[in-house]
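Following are the structures in question.
Below are two complexes that have chain A in common, paired first with chain B and then with chain C.
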Partner chain A sequence: MLRIAPIFMIAILIGPVLAGLFHIIVPAFGHDPELGQIGFSLQAFYALKMMPAIMKSIWLSYWLGLMTAFISLMLVAFFIASYRNSYWFLVIKTMFKPVLAMPHAAAAFGLAFLIMPSGFIIRLISPELTGFIRPPDWLIINDPAGFALLLGLVIKEIPFLLLVILASLPQVEGQYSRVARISGYGKNYAWLISVFPLIYKKIRLPIYALIAFATSVVDVALILGPATPPPLSIQILRLMSDPDLTQRSIAAAAAIVQFGVTILALITWWIGEKIFIHFGKKIIMSGFRFQGDKILGFIGFVGVGGAIFMTFVGLFLLALWSVSGIWKFPQVFPAELSFSTWHNEASQLLKVSWRAIIIAFFASFIAIILALSSLENEYQRQIKLSKWAKFILFLPLLVPQVSFLFGLFIIFLWHGLDGNYFSLIFAHLIFTLPYVYLLLSDSWNGFDIRYLTSARLMGKSQMNVFFSIRLPMLLRPILMAFALGFAISIAQYLPTLLIGAGRFPTITTEAVALASGGNRRLIGTYSLVQTLLPFVVFAIAALIPALLFHNRKGLNNE
Partner chain B sequence: MRFSFTKNILITCFAFLPISGFAQSDISQMPDPKNWDMVLNEAKGQSVYFNAWGGAPNINSYIAWVSDEVFAQYGIRLEHVKLSNTADAVNRVLAEKKAKRNQGGAIDLVWINGENFASMKNQNLLLEKGWSYDLPNYSLADIEGKKVLSYDFSEPVDGLESPWGTAQFSFYYDSAELSEVPTNLDGLAKWIKENPSRFTYADASNFIGNTFLKQLALGLIDDKSVFSKPVEEANFDKLTAPLWAWLDDIHPYLWRKGKIFARDTTHLKTLLSDNEISIAMTFNLGEASSAIKEGILPKTTRSFVLDYGSIGNAHFVTIPFNANAKAGAMVVANFMLSPIAQAKKLDENIWGDPSVLAYEKLSESDKVLFDDLTQGAATLGAEELGKLINEPDASWSEAFKKEWLKRYGAGG
Partner chain C sequence: MSEAGLNLNNVRIKINGVSLLNIDEKIADGEILTLMGPSGCGKSTLINAICGFLPKGFSCEGEISLDGQNITDLPAEKRKLGVLFQDPLLFPHFDVKENIMFALPSGGAKSERLEKAYQLLKNVNMQDYARRDVATLSGGQKARIALARTLASNPKALLLDEPFSKLDEKLRENVRQSVFEVIRGQNLPTLLVTHDKADAKATNGKIITL
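Let's look at the complex of A and B:
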């Protein structure tokens, strides 16, 4: 059983991506018998090139991917460098998980309600300070350069980076920074030049996944992003849903280009890494003592604290809209409260939430089983995963969803596999498994195996050691990985819609359909529930170990 | 280990190779609406998946009412598959056709019109033989009075879709804020310039934005008949030159200086309700009155149309070629055409969407259903609606969209 686990896992991850890509490449190069096109041609790519402002769309996707990764990584690094031993670190540590649980779309709506010209901030200071009795004609969200979208992405990626860095922190935090400190460096800067490079090595793949995600994001871009022209991913979606079916081969070509843009962004980042390391080494070797410790701390604190604070305010605004009656500008709060939306939607909310919970539970549970079996197999047989294998694990996260999902959907159709729970859970597993594995492998590798060796010496079997020592001691990260997998599954839109044949509406597909009508009360209600589901699971994941181990001091600190 | 990874990859790829010979193509017997009792019989116990845009809570609850009724009356389970975009359903049927799924498709009934209908019809994605003309309630529809029920954006309906409602382009505004509204295009342009940043329209890829362009184009030309032919047969550049000139003239004075546009009708409604703009547009004559009742717009909201007439069209429901529950879908379509369902739809407390039935064809008891309805102050009466202009040929939508994107798609 253990031996086939990694095989199974790799199959789940790589098969769908490659097969899906194949079914996009074929029509992109002009072969689409249903539309009467046979053979090879580059026509779709020419047609794509002729589309107005397509280069701007491509540039937007590329630029946003890189900037999101750079800014959020910088802020998180500065923050941890400066506050890792402080009270604020504990505060953020407890606060960031609900933010992590919040689906991207919900966070984006919350942010929009906060910063738009008729949003909360301007209401707060109007008309007293601004004199506005009407919302100002300011281009804040959907700005053509994509700054609002960048902000939305950074806010959402900061908790993700906190999570992966915190998971790898115990493995590297040694005496390095103290040594650097003694050598006369500021304490924050010392950490950045001594410990952070080691952490970076460990979180590289998640950062690549982040870049891939940000270059091809769909939901956040629809809410906060520019529309004239939109980022490439939105352009693909528009082409895919164009009533003129001949546009579909152009959409396929665009999906290939999207893949290319993501790869290009990754290569750029990789080159950036090399340059950074080159000059970084030079600066460190030169013995330069950076004096701006306070500035680093300030930037990190404002960035990370601000991101988490804004998300919470956004969540509050979603809740407020869900119960608002008439709420005219510039009233700060609604003139009247009304629970009619909750009342009208209650039965529907229950139905679609329940379905989402079932799917998310299994998609995350199976991922945990597979990841654990795989990791245990690696340990028992003393195998180290090659770089290649690790890369494969991340394939579904590195290849943009829009690039392979439509192809995958065709395959499911072909075999009559769409429209049932099994396929739906399988489709979600493609996206939960990499994250679950990633998070678990960090804790797994950071585990002190002397515990296991001692137990083995006392005559316990491998399996016995696994269940009685390793599993309980790693319960906390396992539950955390489960919660993350659950949150990821809850937020899946495209896979649920396509593979579920529209017959398995979940809280997320329902939220997107309703959001297309722009009704803020509905958006508030559905986004709130969408956030609460994973949030509750995160809370339970944190509570279980505390309850189970209340009489075991050694297992009680994080 | 590495070897086994490679092996695996191969195994998986094989597992995912499409097996195209496996699907059969026997066409199941199509229910015949002329023999209605048989259709009813077959429909009983079927589940009908109705794919319809799900962005409006009032429409959703109307559909929920329909589904309660058809279950009580015919034993049909109607499931509303809420779409964010109707083209998703079109794509789905196309994908199923590609996968040779010629029966047991996932979609039984689609809410549709215009381009999406033309596209499905031309790709043979619809139930082959015309069926809608034979629905029992079709005889009540106002076919003689409403040309839009037979020509969907100039595309002949041919019995491939069943009428559900009609729409007409109109504007609405808050009469407490604006005492006078423009009634022609010169007046509208002048008003926009005098009130900078208080007007916008939707992106041309959205239907309301596209309709606004058509409305303008039709108002800026004398011979409107040229638009009823396919765009390929017309001199597009010459016919649309006045339209682009009109837009170039007003764009600097639009909301956000014409750098971004509204997304759709609901976004326009939200902008008006947030007091970001002063005039909004819609295709649903009951929209403003419904919004007043919902508490989104002030009670002083009123509607108006331009003096040269307004674009109008109809929306329909249709059945894909491979629908699983064809009989059930027909029964639902027929119920949607019934006087009780149409009157309920017209009620502004429910939806406010105009009826497709001919009043004089109704029985006395059915007439009462309509007589009892009252119209909100923001809804235009029959005499205020002005002339109805037919939609241009479906091919114009795409042409307008392309040209608009070329001119303004990069941020104006």
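Let's look at the complex of A and C:
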């Protein structure tokens, strides 16, 4: 039974991606029997090329992907280099996890409420410092260059990078930094040139996943991104949603171009890595001791601290807007509070939340079962994951969602499988499984197997040892992995929209759809619920082991 | 005015206010002082204190001076010390010669720096390994390259924190001989902390047992 778990896992991770990609290639090159198009043609690509400002859309997607990765990585590296042994590091370590659990869309709305012309920052200084009694006519969010979108992505990716770097930090010898300092290098610079290169090797795949995500993001781009033209992913979504079915082949062609843009961004990053290593090494070998390295710590602190602070303020603003009555510009706070939005939307909120909970529960539960079975199989058969296996784990995160999900949608459509719970849960499972597995594997591989050996020597079976020793002792990370899977599923916008065929609105699809309406009370309410759902599950995941093992000190440590 | 060499003037190390170690010693140029004692007696903590790496909860009172300069409150990178840790800690992302060049003070043309690196490797009989990946070296070879790297930064004093403890017994004898031979040639004040009597004996210097 355990032996088939990895096969299932690989099938779930590779199958939909490859099948999805194949099914966009076929219509993109003119073969769509449903529309009576048989044969090979580049017509769809020509039509795509003729679309207004398509090259700008492509460029936006490309530079956003690269800049998001570069800025977030730089800020997190500078912060850890400078503050890793400080009080502020502990503060950030405690605070970044809730930010990580916050769905992208909710964080984007929170940021919009903060920085938009009628947002909190301008209200704070108006009219005293600005003289504004009406919101200025500034295009801060949805700006044509995509800076607001870039900011939103950086703010959300900083906690992700903190998570992956903190997970790799104990595996890398911190003493290297001491050797560098003794050799005359300043504290921050010493860490950056002696420890960070080793960490970078370990986090390369998550960074590639980040680039793939940022080049093809949909929900955050709908909220903060430019509209004329939007990034390529939004163009694809529009083409896919077009009632004119002939647009489907153009959408497929655009999805292939999106895949190409992501690959190009990854290749650019890879070349950048090589250039950086080459020149970086030259500088290091010249013996250059960077004396002003304290500035790096300052930049890192402002960036990372600012990102987390802005997310919390954004969350506060979502809550405030959800209960605001009259709130005119430039009032900093609403003149009156009202629960009318909550009251009016209660039944709809309940309906879309419940649907999201069902999908997220099963998508995470199945991911946990598959990950546990695979890990136990690896342990019992003494298998070590190869580089390729790790690559497969990241595959659904490295290929743009918008590219392969559209193909998957076409397959489901052909077979009448679109728009039901099973397909939706399956689509979410593709994204929950890699995260659940990666989070669990750290705890699983770090487990002291002498506990298991002792139990086996007492005559217990493998199965008995698994259920009576391993599972209870690893209950905390298992529940945390479940909560992470749940949070990822709740935040899924595109899979829900496409595979659900628009008939299964969840809290996330509803919240993102509100972006175009601009009703801030509704946006605040839906985004807050969207944020609270994963928070509650994370809280329950922390509470259960604390209650179960309240008298077991050894099992109660973080 | 303090004397030349490494001076530990009434140095008192405390952990959460409780005294862990008191020492008042002067190590002259060319002298090797050995500090012996069981695990947990504060030997490595003293090395950390001299380097400026004391962890939270620890405090250091008294004065540490090097060649007449009070270095007690200087950041680690400005103390001009060389340290050999228990592990060789060769950077795995650099090859052997790059590990040496990393520690060389700034300045000079690339060819000069390379020449210096080769000279340092020659001092420890490792010149033929300049381009080798450090992961492919034996424990003894790593220890010798770590020594060459330590000397590359032109330190004014050497601190040895049980540098042979992770080598097997046969290898340890060999490496110990060659390392002390090189160190004696440097004429630097050297502090060795160890729990191995053979290490202490090999220094032919003063031994303090904690």
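The rule we apply is simple: the second predicted complex is superposed on the first by the 472 of 558 C-alpha atoms of A that agree within 3 Å, B and C clash if a C-alpha of one lies under 4 Å from a C-alpha of the other, contacts with A are read in each partner's own complex, and residues count from 1 in each chain.
Simple rule for what comes next: contacts are C-beta pairs under 8 Å (C-beta built on N, C-alpha and C of every residue); 3 or more make two chains touch, one makes a residue touch a chain.
Predicted, not measured: the structure shown is a model, and the values here were computed from it.
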Overlay on chain A: chain C relative to chain B, clash or fit: fit
Touched partner set for A:P135, first chain B, second chain C, both or neither: first
First (chain B), second (chain C), both or neither touched by A:L198: second
Which superposed partner A:S183 touches (first chain B, second chain C, both, neither): second
Which of chain B and chain C A:K387 touches, first, second, both or neither: neither
Chain B versus chain C as contact partner of A:S286, first or second or both or neither: second
Which superposed partner A:H343 touches (first chain B, second chain C, both, neither): neither
Cα-centre angle that chain B and chain C span when viewed from chain A, reported as a multiple of 10 degrees: 160
Touching partner for A:P229 - first (chain B), second (chain C), both, neither: first
Dominant toucher of chain A (residue count), chain B or chain C: B
Three-chain overlay, closest Cα atoms of chain B and chain C, distance in Å: 27
Overlapping contact positions on chain A, where the chain C interface meets the chain B interface: none
Chain B to chain A touching residues, read off their complex: 1-2, 4-5, 8-9, 11-13, 15-20, 22-23, 49, 51, 53-57, 61, 79, 81-85, 87-92, 94-101, 106-107, 114-116, 118-119, 123, 197, 203, 205, 255-257, 259-261, 263-264, 266-267, 269-270, 273-276, 295-296, 398, 405-406, 408-412
Interfacial residue positions of chain C with respect to chain A in the complex: 51, 53, 56, 75-83, 85, 87, 89, 91-94, 98, 101-108, 110, 113, 149-150, 152-153, 155
Residues of chain A that touch chain B when the two form their complex: 7, 10-11, 14-16, 18-19, 23, 34-35, 51-53, 56, 117-118, 134-135, 137, 139, 142-144, 226-229, 238, 240-245, 248, 325-326, 328-329, 338, 341, 344-345, 383, 386, 388-389, 392, 409-411, 413-416, 418-419, 497, 501-503, 505, 509-510, 512-520, 522
Residue ranges of chain A in contact with chain C within the complex: 85, 173, 175-176, 178-187, 190, 194, 197-198, 201, 281, 284-289
